[in-house]
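Working notes, structure below.
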Amino acid sequence: MKRSRHFARRSALAAAVMATAVWGGAVQAACDEGQYGGTLNVASPLPLVTLDQMMITQEPTAPRHAVYEQLVALDANLVPQPALATSWEISNDLLTWTFTLREGVTFHNGDPLTADDVVASWERFQQVGSRNFELSDVESVEAIDAGTVAVHLSKPYGALLESIAAMSGSWAIMPASIAQELGTERADRVEHVVGSGPYMVHEIIPEVSTTLRRFDAYTMHEGEASYNAGPRCAYFDEINVINIVDHSTRVSALLAGQVDLILQVPGDEAQRLIDDPNVNIVSTAPGNRVYFKFNVANRVFADYPLLRDAIRAGIDTEEMMWGFGPDEYWRANNTPRFQEPQWPWVDQSHHFPVDMELAKQLVEESGYQGEEIVFLVVPGGATGPEMAPAMDQYMRDLGLNVRMENLDSATFGTVRRDLNAWDIKGAGGGSLVGLAYLDSSGVDRNGEPWPGIPDGWYELLEQAVNLEDQDERAAVASAFYDLHAEFNNEMWMGDVFVIMGARSDLRNIAENDSTAAFWNVWREQ
Amino acid sequence: MTYSATGFGSQDQNNAKVLQVENLETHFITRAGVLKAVDGVSFHIHAGETVALVGESGCGKSVTALSLLRLVPNPPGEIVGGRILLDGDDLLEMSQSEIEDVRGDRAAMIFQEPLTALNPILNVGNQLSEVILRHTKASKREARALVLDMLKRVGISDPESRLKAYPHQLSGGMRQRVMIAMALLANPALLIADEPTTALDVTIQAQILELMRDMRDQTGAAVLMITHDLGVVAEMADRVIVMYAGRIVESAPVRTLFASPAHPYTLGLMRSTPNLTTQRGELSAIPGLVPTLAALKDMEGCRFAPRCAFASQKCREHEPPLENASNDQSVRCWHWDQVLASQVAV
Amino acid sequence: MISYLIRRLLGTIPIVLIVGAIAFFLVQLSPGDPAMFYVSADAPPSEIERVRERLGLDQPIATRFVYWFGQVLQGDLGVSFHQNRPVLEGFLAALPVTLWLAFFSLVIAIAIGIPVGLFSALRPNGMVDKFATVFVFVGVSMPNFWLGMLLVLMFAVTLGWMPAQGFNTANPWEAFRSLVLPAITLGYSQAALIARMTRASMLEVMRQDYVQTARAKGLRVPVVLGKHAFGNALNPIVTIIGLAVGSLAAGSAVVEVVFNLPGIGRLVVDSVMRRDYPMIQGILLLTAGMIIVVNLITDLLYAVLDPRIRYD
C-alpha cells in the first residue's frame, strides 16, 4: 500500500475538519476481546431525526458512522486511514487521485460495493452534501473499473483526504440505486438509509428513537481501532439511540438504568455521576475550546483597538473557566492551539499575565467614551453561557458600558453575522481545529476577511500548511502566535472537556472520543 | 277590628301533645360573642292543631323552626339547651343518623321560597320520590305511584307530565304545591311551615292556605306555622305564639289573641296590620327596631321596653316572667292588665 | 341545539384562520434563521443560501404567507423543516402521548381535586380544610418542573419504581408506567385549582335553600352533598376543568421536556428552538382548533348539568 501525504496550498479560505474529537491514545480492539450480545441504550441531547450522512450536520455523529462508511476515515490523530478505499495514489500533476476499493464489501441491502456506487454517491453528494463546498475543486469522479475510482481535481488540493473523511455532511458511500432514487430527498426512512457499516438501521421513530442492529455481513477494516478508523466490532446486537434534551433528565435516566451511555453532561451535573457507584464519568479531553471574539470590523473595538488589549490585559482566564464546574473537567489556556496533535510541538505554556492596573490604564488610553458594548453570549451547553456572567462582571469592573444579550441559537446564528449588531461574543467549537482554525480566525461569519489583518498573516498560514519539516513548522507557529496576539481579535480561555456518563459495566469506551462511538464497546456480564 | 277566625276553633285539648318544646336555647357563636337567637322557648302542639309562631324578622321564629329539626347551620348555630319532644322522643338526644330518620318522615318542613327551596337541576319526580325511597322500603315504581297520588291530592293537574318538569318550568303556586306534596309524602306527625305563602301572589296564597288546611284535616298532623302575616294566622291557626327578640312574649288561642292582646308588642303588631275595616290614619308602626341580638347581650330588663309605650322603670330593670293573663293566655309583661285595659278604653 | 352547534362550529372557522395568520407572522417575523440548523457552523454564505432556497425561505414573506394560507385552506399544513414529513403526520405522531398524559393527569386532578375541595368545604377552617389549604397553596405555587425532578429523584433514581423519562410503547403497562410520574406532576397543580374551585363553589351552594330542603327531607349527608349540593356546584368546576383540558391538550411543554415525552408540548419547544416554521404554525393552528372544540364541549356540558340552560 502506497500512502502519500502531500499538502498542497489550499485555495479557498473555507474551513476544514471540524471534529469534536480525539487526541492521543488509540483504542485497541480485536473483535474477540469483548462479550457479545445485549442492547446498548445511548442518550444524546440532540435529536437524531435523520441518519442521512450527507445532509445534516448538527446531530450525534456516532449512529451515522455506524451505518455509513466513507472512502477514508479519520483516526484519533485526525489522520485519514483506509476505510472503503484500501489505498490511493496521486498523479504527478496532483490533479488525479486514484482509490482502490476494498474487496468483498456488501451494503445492508445485499448489493456488493462497486465503483459505480461511489460515483453515484458522489453525484448525490454534489447536490445535497452540506459540506460539499470543501470539495469544490473536484471536477469529476470516475469509475475506472469495478474496484477503482478516480477523483479529478481542477487544481491541486492537499487536504482532499481530510475533506473526504469529514465527520458530517460528508461523502458517504451508498448503493447507486438508492443514491439515484433519493436524489435531493433526505434519507429518512429505514429502506433509504443503507450503508456498509457494522450496524444497519432497524427502526426510526422521528423525535423519539433510532434503533440499529448488527450487520452480520460487515467487512472488517484492518489496522488499529482508533476514532473513526480501523476495526469496528459490533458487540451489541442492538443499539438504541434516544434524544433527551434536558441535561438533568438525561443524567437521571442514566442513574435509573434506563440508558447505558449519555453524551454531554454539563459540569454542574457531574457530581451526581461521581456520587453513584453504578456509573462512571468519562471525561473526553480535550473537548471544546472556548474563547471570545471581538468584532474588529465595526463599532467599539474597531474604533478603539486599544480596548481589546485592555480586556486581554486584565482577564483572569482561570476565573472565567470556573463557570464550567470542577476544575477536573476543564483546562485554562489562553493561547490558540492551532497545531495538529500529531505535530509534536504542542505549546500550552503561552500564558499572558493578569494585570488589572494595566488593563484600566489601557482603557483610559484607548479613548473609549462609554459607548454601549453589546456582549453576545454563545448559546448551548459547555461553550459559553457558563462563563458569561463572570465575563460580564469583569468588563463592568473595567468601567465598560456592557449590555449582555442571551439569545437562543437560531437568533444568535443570525445576529452574529451582522457586524453592526455586536461588539464581543462568546465562541466555541471542537478543540482540534488545525487547519480550520488557521483559516477561520482571519474571517468573519460571512466568510469575509477581517479588516486590518497584520501583514504576513496569510504567508504564515501558507507555510504552516505546506512545510514538511516539523521544526520549521514550530517556528512558523510561534511567529503566528505573536501575530495573533498582536491582532488580538480573539481571546482564548481554554478547553472544556466533554463529559459522558456510562453505566459501570460498559467496557472499552474510547476515552478520548466525545462522539460516543459505540462500536468496540461491550457490556461485562 | 274583626278577624274571621274561620272554622277549626279549638281542637280537642285532650289530644296527645305531638310536639313539646321545653326551654329551647339556640345560640350563634360568632366573633362578636354568643348571640342568643332562641332564648328559653317552650311550647307544645297537639295532633291536628295548628300553632302559629309570629313575630318580626329576626325575632327568632325561623331559627326556632329550624332548631326543631336540628337544621340550624352549625357552625355558627348551636342548640345549647332544652328539650324537643316529638311524640315523647327527645330530638336533641338523638344521634345524627336518628335525627335524619325523623326529618322528612315524622316531621317535615315547608319553606318560604319554593323556587330556591327546590333543587333547580333535579326534576320534580326525582325530588319527590327520594323522600319515599329514603324513608320507606318502597320500590321506585311504588314510590312513583305514591308521588303521583300525592300530586293529585295537592291539586296538580296532569301529574304524569309534571314529574319530568324542572322547578323553573313550574309556576310559583305549582312549586309550592310540590313543596307541600314533598312534606306530606311520608305522612308526618308534625308539619313545620316556614312562611309558606310569603313569596306568593295573593290569590295563590289563598289557594295554598286552603290546600294546607285540607291537608291538615286529612292527615291530622300537628302544624307549626311560622309567619309574620296576621291574616294568615287568622285563617289557619288555633293558637298563636308571639316571639320577640328570641323570647315568647305572648301565647293564646287565636280568638283570644285577636280579641284582647295582652302584650304591648302583640297590640302593636295588630295596629300595624291593615285589614278591610282599618280606617285611614288608624295604621301605626311600632316605633324603633327589633334590637340586634348583639345588643341584647347586655340588656337586663324587658326586651321590648325601649319601644314600649307602657314601659316603666321596672320594665327596664327586670325582665318580666311569662305569666298567665287568663286560663289560656300567657304573657310576658309587667303591665299586661294596663294593656288589656287600654283596649277597652279604645 | 343542532343549529346552535352548527352555528358555533361555523363560527370557529374565522377564529382558526385569524389564529393561523397571527401564528404565521409571529413565527416568521421573530429573529433567527432556520437554515442555521441545516448547515455546518463554518458553512459559507452560498451554502446557507442554498439551504434557504430548499426550505422556501428565499421568497418574500408576503409570497410565503399567501402560499401557505392557500395550502392551509386546502387542508395542507405543509412539510416540517426538521422532520421532513407532513406537519400533520408529525402532529398526529405526537398527539397520542399528549392526550394520554392529559387524560391521566385530568383523572388525577379530578380524583384528588374534587374530594379535597368537597371535604374542605364540609367543615370550613377544620383540620381537613387547613391541610387542603396547604395542598392547594403548594400546588399552585410549586413549579411543575421542580416537582417533576423531585419525583424522578425519588421514584425513578432512588427507588427505581418508575422510569425516569421517555414513553415506552413496548406494551400498555409500560406505557402507563411511563406516564405515572408526569401525570402526577401535571395533575397536582390542576388538582389544586380544581380543589380550590370546588371548595368555593360548594361553600356557595351549601348556603342555598335547596340544600336545606334536602337535609329537611332526612337525606343522608353523602346524598345531600353528592346529589343536591355537588350537582349545583359543578358549573364553575366544569369551567375550570374545561380550561385545564384545553391547556393539557395543547401539551405541557415543561413536563414533556422534563420527562422527555415525545408529545405536542415538547414538539412545540423543539420546533421553536429550531425555527421549524411549518411545524410551529401547524401546531398553533391545530391546538387552537382543539381548544375551541373543548370550549364548545364545555358550553354544551353546562346545558347537560343545568336544565335551566338551553341553547336555542
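Residue numbering begins at 1 within each chain, and the chains themselves are lettered A, B and C in the order written.
In the analysis below, contacts are C-beta pairs under 8 Å (C-beta built on N, C-alpha and C of every residue); 3 or more make two chains touch, one makes a residue touch a chain.
As the structure is a prediction and not an experimental result, all values here were calculated from the model.
Student: Going by the touch criterion stated earlier, list every chain that contacts chain B and also contacts chain C.
Tutor: In this structure, no chain contacts chain C and also chain B.
Student: Can you identify the chain nearest the overall CA centroid, using each chain's own CA centroid?
Tutor: If we average C-alpha coordinates per chain, C lands closest to the whole-structure average.
Student: In whole angstrom, how far does the Cα centroid of chain B sit from the Cα centroid of chain C?
Tutor: The computed centroid separation for chain B versus chain C comes out at 54 Å.
Student: Between chain A and chain B, what is the separation of their C-alpha centroids in Å?
Tutor: 92
Student: Return the distance between the CA-based centres of chain A and chain C, expressed in whole Å.
Tutor: 40
Student: Can you tell me which positions in chain A touch chain C when the two form their complex?
Tutor: 14-15, 18, 47, 49-50, 55-58, 130-131, 133, 168-169, 184, 186, 188, 205-208, 242-246, 248-250, 252-253, 255-258, 407-411, 413-415, 429, 436, 440, 446-447
Student: For the complex, which residues does chain C have touching chain B?
Tutor: It comes out as residues 208-210, 212-221, 223, 227-228, 231-232, 305-308.
Student: Contact residues on chain B for chain C in the complex?
Tutor: Per the stated touch rule, the residues are 66, 69, 71, 96, 100-105, 108-109, 111, 113, 116-123, 130-131, 134-135, 166, 168, 179, 182.
Student: Would you tell me which residues of chain C are touching chain A in their complex?
Tutor: Within the complex, chain C touches chain A at residues 30-34, 36-47, 51, 54, 82-85, 90, 93-94, 149, 152-153, 156-157, 160, 163-167, 257-260, 262, 266-267, 270, 273-275.
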